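Just below sit the structures, each encoded as structure tokens.
One chain, subunit A, links the two complexes that follow: it is found with subunit B in the first and with subunit C in the second.
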Partner chain A sequence: MAWRHKRFRYRLVVWRCLNCGAFHHYETSICRRCRSNRIAEELLPSRAKLVTFTAVKNPPAGFESQAPYVVGIVEFEDGTRLLAGITDCDYEELKPSMELERVVRKLTQDGESGLIIYGYKFRPPIKKH
Partner chain B sequence: MRKVFIAGVSVSKVEEHWSQSVDALVTKVVADLTDVRLRKIDGIFVASALAETLQNQGNLGAIVAEDLGLSGVPALRVEAGDASGAAALYTGYQSILSGISDIVLVVGVEKMSDASPEEAMFLSSLSERYDYVGYQGVTESSIAAMMYKVYLEKYELPQEMVAQFPVIMHENAAKAPHAQYQFKTTLENVLSSPVISPPLRRLETTAPADGAAAVLLCSQDFLPTIQHDQIVEIAGCATSTDIVFPFDREDPLKVSAASRAFEEALARAGVSRNEIKVLEIHDSYSILANLILESIGYSEPGKSGLDAKNGMYSQGGKPVINTFGGLKARGHPIGATGVYQAAEIYMQLTRLAGSCQVDGAQTGAMINLAGLGSAAYAFVMRGA
Partner chain C sequence: MPRLSGIAIHGYGVYIPMMRIKASEISRMWGGSDSELPVIEKSVNNLDEDTVTMAIEAASYAIARAGISPQKIGAVYVGSESHPYAVKPTGTIVAEAIGVNSRLLSADLEFACKAGTEAMQLVMGLVASGIIEFGLAIGADTAQGRPGDALEYTAAAGGAAFTIGRTSDSVVAEIEFASSYVSDTPDFWRRSYERYPMHASRFTGAPAYFHHIVSSVKMVLDEGYSLNDFDYAVFHQPNTKFPFAVAKMLGIPPKKVEPGVVCNLVGNTYAASSMLGVAKVLDQAKPGERILMASYGSGAGSDVFVIRAGDGISEKRAKAPLVTDFIERKRYVDYSLYLRARNKIRG
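Entry: the complex of A and B
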């Protein structure tokens, strides 16, 4: 099923309602907020700000080896909020409102020889010199 | 319009029933329902959230009908996540209201002990969208934790204002014979239990549990056959839904589905909020107790912790919440929970609540949620 969502998960393509502005992480022809059928694809920017975050210490099946891992809500410049894994940093380094950049990472694997599931995560940006 | 009544209830102790199957749990709890075998049941509604995953069993309607020697009777299974129990109750209620049925059996059952801890963690997140939440390894408890964090920050509150709710639940469950955790706990215990997802701690969540509960519903035509003081009227009920992911809602701290369902149920019952003496709320995470009580209008936003601290929601207050311990301490056998809640309100309104009895309980209500408020069911009930 993962391939079905590849445009959202790898590129952050979302579906925006042109009537009310609601975003959808899935392709749709009905806006979930206002039921408008005026929906357009949009590419979310690659930088966002951290709104809030926590850690998963009791992981679900398939994520045991990664725990504890950080998850959070990030917000883009236009106010769109997204649920995301936060990576490449310690929990203590994270502060609300800090800037993060998007990366694509392996999320989990479907069994030992099964499909590898990738998706977006956010990390503190690599500083430019 | 027809009226719908509860004529009897039965609950099993919430615990790990290793030796009993889903069928055995159901059969036992229904057998304990007073004189149910003498009655002509014309509808069976079975609530379970997870039977096909945990027990490889679908089609619970026909299976339970057979278990009860009632093959031939219309029977179906109802699933609405954690709210499956209330959804089955709602379906049974509608069936009587429509005139299609006169006596309906509503059974809720779940057997979580068949799951490993990792499986249980996965299954408890099943009410969220898998293609947005589950595939990332995000758990429902971690989303609840973020709501918790945002709540404490918004109202600048100490964690105690949320973490005291499990203490109240354990206080009530200590006297409840069917509760999973029949002991008291302290705020210190709650705040020193292991962190699940900061700031949420182990003792602020539920643990896997098995349980079954049954409620017998009837129309007014059958009232003469039931002892007067054992009748409770479902005076009003309603349900509502919401955007599934809390941070996609206008306000992640408002459980709008609960507020809409509760308002509607009160209006249909012609009962005011202040008349409710006992209230069952859906505290699958401590923070949901705060958010529900504020969303349905008992506490001002940010003030439910203070109200609780002042005793508003404990014995002697009004409304007394979760008089048998709620999801936290009575236990949360997912699909059965809503049926437990209804059974407990019935026990209160018929004076069958034993040492959990709240004096003067004439009117009660319950709120059962799916997930973190993506669906809510509210029932308002009146004693004889």
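Entry: the complex of A and C
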């Protein structure tokens, strides 16, 4: 259930393995990769660089109204990579290594009467004067 | 109501979606005249934006400007007439997303376009009484206008948030006085389960907007202030004409109103409207300058505030995007893309 991962989805809180570096988007006491129990909570930075991206034209159920939309892999300063929705930007404007910032957006909803799912996306930073 | 002492705005933040539709494009669709459009263009939220997401972004800037840990926030109030849920608070989602502690007061407020300033009043009361150290007052809306209705030209999307706490050195601004004037005036309403509001056309002017704002500003004058004490005046902005018209009634020159006008390029952001106007003034005010702020919410009422810019204004202003940064970040859509973005195409 999305709600159980809210700290990750809203704020990019992750649980990092201090032994092998793997991160978990849920609270855990044992690393899923190396089984170490040296786990620390960490807040990923709000800025990242775009590594690669694609336009989704045949969306999975729940995302039909938004297609075509862009998803990409972003990379943080420490090398951590994350799959993310890219918003407020046309596909043609995106370039590998461009800087993006994290925002919280409405991802999908469970029909007209179910829950609304919010979570992180990335977008080009607001240009400041 | 008494003058306040020791209540301050420590941070402010805004959010405006990037899509715009020109009023002339709406008039093209419905065969209206281009000669007297209420705004030039209005903001349109995308499919992945709503009152929750805009409130989160505005609130995160308000906290960044305040320079405080989110853990110090003791209340999150969100005023809106477009809360995504009929039952389930917007405030708790916002609080969680900006990292506020769960030991928190939170509620969603509804008072048409003055729900955001009502949030300010509640947070100010909690701060003044010492119950909380800091609180967030947020106004955000994705306003609904029925296709073809006069409201469709102006009903826009945006959010604004103020971090309010006790006065300390170098605050953004102090709130010197606040009051409110309300009456049962049925100028605009939306019944439960209805998608679009109804309004009483011309009745929304004289007995509604103008009467309530003039009455609330009179309370400021009764307190001993003179209109000359103010360098800026910000009123609720349902269209570009009304704030200048109410200023004229009160004897306030247009040059004091212009700096806070956002409606011409953003539209009517409902609960965010007057807060967005004040944010635009805070983007340019100098320490010591006074702002007269009067919101208006249909149904009806006006919250009035006397705000004086503080010594920390320039330093804190630089910590987040300005209102003009959002106004200039725009992409035009035509009427059909607007219908799609606002989820008005129903199969």
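Methods note: the second predicted complex is superposed on the first by the 129 of 129 C-alpha atoms of A that agree within 3 Å, B and C clash if a C-alpha of one lies under 4 Å from a C-alpha of the other, contacts with A are read in each partner's own complex, and residues count from 1 in each chain.
Rule of thumb we're sticking to: contacts are C-beta pairs under 8 Å (C-beta built on N, C-alpha and C of every residue); 3 or more make two chains touch, one makes a residue touch a chain.
It should be emphasised that the depicted structure is a prediction, and the values quoted were computed from it without experimental measurement.
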Clash or fit (per the criteria above) of subunit B with subunit C on subunit A: fit
First (subunit B), second (subunit C), both or neither touched by A:Q66: both
Partner chain in contact with A:A40 - subunit B first, subunit C second, else both or neither: neither
Subunit B versus subunit C as contact partner of A:D88, first or second or both or neither: second
First, second, both or neither for A:L107, with subunit B first and subunit C second: both
Superposed model, subunit A: greater residue contact from subunit B or subunit C: B
Which of subunit B and subunit C A:F53 touches, first, second, both or neither: first
Nearest Cα pair across subunit B and subunit C, whole Å: 12
Shared subunit A contacts, counted only where both subunit B and subunit C touch the same residue: 66, 85, 107
Subunit A partner contacts - residues on subunit B that touch it in the complex: 116-119, 121-122, 125, 131-139, 141-143, 145-146, 149-150, 153, 194-200, 243, 245, 247-248
Residues of subunit A defined as touching subunit B within the complex: 1-2, 5, 25-26, 32-33, 51-64, 66, 69, 71-73, 81, 83-85, 91, 107-108, 117, 119
Subunit A - residues contacting subunit C, complex: 6-7, 10-11, 65-66, 85, 87-88, 103-107, 116, 118, 121, 126-129
Of subunit C, residues touching subunit A in the complex: 18, 46-50, 52-53, 56-57, 84-85, 93, 96-99, 321-322, 324-326, 328-329, 343
